[in-house]
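Which chain is which? They are A, B, C, D, E and F, in the order written, and residues in each are numbered from 1.
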Amino acid sequence: MRPSGRHLSEMRLISIETDVTRHAEGSCMIRCGDTHVLCTASLEPRVPPFLKGSGQGWVTAEYGMLPRATHTRGRREAKNGQSGRTQEIQRLIGRSLRAAIDRNALGERQITIDCDVIQADGGTRCASITGGWVALRLAVNKLLKAGDIVTDPLTDHVAAVSCGLYAGQQVLDLDYPEDSEAGVDGNFILTGSGRLIEVQMSGEGSTFSRDQMNGLTDLAEKGVAELVAAQKAAI
Amino acid sequence: MRPSGRHLSEMRLISIETDVTRHAEGSCMIRCGDTHVLCTASLEPRVPPFLKGSGQGWVTAEYGMLPRATHTRGRREAKNGQSGRTQEIQRLIGRSLRAAIDRNALGERQITIDCDVIQADGGTRCASITGGWVALRLAVNKLLKAGDIVTDPLTDHVAAVSCGLYAGQQVLDLDYPEDSEAGVDGNFILTGSGRLIEVQMSGEGSTFSRDQMNGLTDLAEKGVAELVAAQKAAI
Amino acid sequence: MRPSGRHLSEMRLISIETDVTRHAEGSCMIRCGDTHVLCTASLEPRVPPFLKGSGQGWVTAEYGMLPRATHTRGRREAKNGQSGRTQEIQRLIGRSLRAAIDRNALGERQITIDCDVIQADGGTRCASITGGWVALRLAVNKLLKAGDIVTDPLTDHVAAVSCGLYAGQQVLDLDYPEDSEAGVDGNFILTGSGRLIEVQMSGEGSTFSRDQMNGLTDLAEKGVAELVAAQKAAI
Amino acid sequence: MRPSGRHLSEMRLISIETDVTRHAEGSCMIRCGDTHVLCTASLEPRVPPFLKGSGQGWVTAEYGMLPRATHTRGRREAKNGQSGRTQEIQRLIGRSLRAAIDRNALGERQITIDCDVIQADGGTRCASITGGWVALRLAVNKLLKAGDIVTDPLTDHVAAVSCGLYAGQQVLDLDYPEDSEAGVDGNFILTGSGRLIEVQMSGEGSTFSRDQMNGLTDLAEKGVAELVAAQKAAI
Amino acid sequence: MRPSGRHLSEMRLISIETDVTRHAEGSCMIRCGDTHVLCTASLEPRVPPFLKGSGQGWVTAEYGMLPRATHTRGRREAKNGQSGRTQEIQRLIGRSLRAAIDRNALGERQITIDCDVIQADGGTRCASITGGWVALRLAVNKLLKAGDIVTDPLTDHVAAVSCGLYAGQQVLDLDYPEDSEAGVDGNFILTGSGRLIEVQMSGEGSTFSRDQMNGLTDLAEKGVAELVAAQKAAI
Amino acid sequence: MRPSGRHLSEMRLISIETDVTRHAEGSCMIRCGDTHVLCTASLEPRVPPFLKGSGQGWVTAEYGMLPRATHTRGRREAKNGQSGRTQEIQRLIGRSLRAAIDRNALGERQITIDCDVIQADGGTRCASITGGWVALRLAVNKLLKAGDIVTDPLTDHVAAVSCGLYAGQQVLDLDYPEDSEAGVDGNFILTGSGRLIEVQMSGEGSTFSRDQMNGLTDLAEKGVAELVAAQKAAI
């Protein structure tokens, strides 16, 4: 019944290829089915003004989509500025990753996670978070290996998946054909130990019940567990 | 234990004053404690390009905060452009209100809800949604009264409240002192009949459990019921 | 003969409500008939670069109009940037208020006057100046009361009124129906002692004589005297 | 007593050279002492949207200053956007010239007056108006000569001069050293027949009396008469 | 003597992988050593305004560099707007590709070539042109295969290479360490048949002779021939 | 056979008038036929951040075109931002002039060359470089005369000319009618001693041979020699 033929609670094929660019301190190409996101972590010896002298570090994120990542070519944001949607997504990625970082242990340095969508088929913000965590993990590993920090500032895995109501059914990991028809669309960000970091559920022109809210959260827990397993396998 | 002395599940005083401006087709000043938002509904005989000729209408929202609505003066967005936060909020308001509108019944016209925060003390996006629905209701009433439309396009009430973890406790309707210290912050948008429209829960640098998610949602249901009662009383 | 039925030299009803917001150091809602402007004064312990180390303070102003303050909804300036008209008005407000301030007595601090038009019916720049002065007065009073400054830096009242030629007659305090038809439109800013601060008279597609210039200035003197009386009553 | 050694009511040397560029329908270089402004009139077979189908024409103006027209190099507005001051000036130029144009006689076409300051020594907006009128006159003459219009749409001359209080004295046609020290600064735009189009008087941190207002207006009448004579001589 | 150990006239390893994204009508990943550029061709059934109704098509290009394609992270252009360098490069790419297109044979449609640098090591604009031509070729092939056009509008291959003076020697295909030290830097765009399309030679703070100009052009002819061979092998 | 009746290798009439504005440290009006560019050099006691403390100076350039410098009025860049073309040109001017400056001898100061096109008839970028060098020379002379620097930092003349293929013929110094029809268009920047600084040759929708490249470069050498002679005569 799903356009892809997947079972209701079946994830798309996950692939995480690490160290895909030469310059970044950490990087991966994450592929969740046909959604491909290049994630890089850049380490910089500076923090935003509000943290200067605090001894605390910062993790932030930026998100972009190549103009032809989508079915029809979109306008290049470099020419038109970031859309509200783009800003919303990059704020979400940064906030989610900061939930699993001990900023004192990181010390006064900033890690910027760039998530650039090379090809899109739904779920790009979730793939960005899952892949972004891998890039972050790799960059932090370099800091640990070099002895620049001694305590691991990463307190847990972070991964994200979308769930929604498609054709009246609760389904896991929506692809674009499902996403564009979904009655309810949710994004769930969880830790490796199954704690919730962020939940965003939105009736797209409709509403949903507490039971549906619970059912979708159950699905999300299953999906994130699989993503965390993939993260572990990749590193 | 709350800074305001309120009980854990106690809302702030709600006041909704209608028809506060001369020109708008619908308007109200909503006051949730010290958070005051002026909401106006403007009816325009046009729709966005993607709806031209569809026979369907559109509801959209814009949000702003006067520079000195807050403790310290903020920069005027007219000089600096809308922040990511502002865009995120106005997208949420519009999406939430559209969940309770029958766009075919509305016909090819647009209603723009402007939510301008006159004074802020936490919860401005929730107050904007609750007050924005009242302005929308009043504007639609004018259309019905004038015979411009015959079927009421508003299918239900829409109201919103924030809940969160403050000092380890689940509290309803966070004010600014609570909001700035909250470990988890959630915004819940529901209909008058108790259906969920949108849920946004975010660990602010921390995480939360399924039980806490449920507890906060219970509180939100209670709070929204009180807000809907206030909406009914106001009109 | 005037649309409102007023006599040629009759002002609209003036009302000045003070301390209308919690956070600002000074604030008022001024109502000149159906023109309502919220004026706040924000005190900040900094001055523009060109005054650093000079021992002198600064008073500046910003102006905005809520999108639906007018008959038909205007575009939100936060989305489009400030118009030339808006910049012209806020430069005028700041310049006018600085004419009655002793910047040495104020000391190295800045007071920003925000004038936000809640509802418009002509004469918004004049109402902003008259109400802005009240907000400024209240903020300065706080500084005096707290002993932060010892000499009152405010040297006089400042108030403003528009006069113009409507249907060939010299009229005082134009409302929107008059303003949009006026052949000549003037804005007069005066002190409490009747000195001129700024005069702007403009033939709107027409011209005027020295006699008319004098007649309108006479009217303005009468109107400003009434506004200053209202300022005194409000504080 | 004036830095330039001029008498109180003495204008700077005026020179108006016409037809200084090849492409524009009308053009002149106006020199008021060391203030040099290149004024061009461009005729375009279109009008702003609000005039489409009205049969009426439009005259508008744009103003700019070359970065090194001034003592110290200013920032290029093409890189930073037009300042509030620039917008205020170009609105004034357009408004002033429209006061002497019969838009029905002009027919549905637009004339854009570009005023670009090549060298500045005070009074650039006044020189722009005086020179802009000459460029407009020349462009209209072409229309008349070609038979595109039959009735002359220009109803009178338009010229402008500044007057102010310098060192306590009423002086005519302020240059930069005077302008930067003036206690009161006024710009007067008049027609060839001596009617007032626009008066802008501003106490620069000070105030002025009715008598001073009258005295400065007397000076302006004298100055504009000389400018109009120069316009007549140039064409 | 070259940092990479290459001979003076030795190109970097060239690799062109085609059809690397699902949605684009044509695409390739071109790798010139460590410079990797994703090139996509997007076909759209519209042309710029100046070609409407002409029966002619258009080829244009946009260029971007991911923030961490470089040694140190650059600012994201979506947040800051396109730099002058970016605009200069994308204008060059489009102009070069148009030199080998018969716009009448293409018909009234537009092909946009997006060149996004995934990893940079010098020569990104040349790689973009060489790879962009491959994406263009593939998109045009689809049009031919579908019978949408009958005459092949691509008249020849287009490829580009940089040459320069490094440590006093004429070298082919500069990588980043060479480029950042080069005394003269040239970009040569040629057709498959060896005709010149564009030559840009620039003394970077120095000058060069006619002999050096000729020597570098000889090198470029050799390099482009190898690139064209790689293009042929890839398709 | 040329529209102007000139021989194939005949330059337009060159005129360089120096010291045309009061305030700039160096200035000239250069006229190449009907192309007139005002060039000013502004000396400022600061350098860009990357040169602070280096003891080296900087030369940079900005370029603009008055809206009615052209046949039809263009949009004012102050209202719309600098076009890609404008940025490309001003980068070229700055780069070219820096090729003949000893930045250590200049010392830590910046000279900004402003090139503003008063009237355009093709070749504005070349005229800007040739005239810009004169303005630079004059400003440097002031520094030398004042004893602020002791070694002349200008190592040679810099001048530029365009050559191209017009109606199949190699022609020197294209004017607008030629430029808009040219099959190949080249800009050549050379020193007074005949060394090349920058060569830009572009097939405008066509291609060219090595022989043509050489022929056009020969013409450019002839043209620049004449321009350098004019520079020498002017100073």
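Quick note on the criterion: contacts are C-beta pairs under 8 Å (C-beta built on N, C-alpha and C of every residue); 3 or more make two chains touch, one makes a residue touch a chain.
What you see is a predicted model; the values in this text were computed from it and never measured.
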Neighbours of subunit D that also touch subunit A are none
Note: chains that touch subunit D and subunit E both are F
Note to self: subunit A rotates onto subunit F (CA fit) by an angle, in degrees and to the nearest 5, of 120
Comparing which residue numbers subunit A and subunit B contribute to their contact, where sharing over half means same and under half means different, the two sides are same
In whole angstrom, the CA-centroid distance of subunit C from subunit D equals 28
Expressed in whole Å, how far the mean CA point of subunit B lies from that of subunit E is 51
Dist(centroid_CA(subunit A), centroid_CA(subunit E)) in Å evaluates to 33
In ring order, starting from subunit E and passing to subunit F next, we get E, F, D, C, B, A
Residue set of subunit E touching subunit F in the complex reads 84-85, 87-88, 90-91, 95, 98-99, 191, 195-203, 205-210, 213, 217
The answer for subunit F against subunit D in the complex is residues 21-24, 27, 34, 38, 40, 42, 44, 62, 64, 66-71, 73, 76-79, 81-82, 86, 112, 114, 116, 118-119, 121
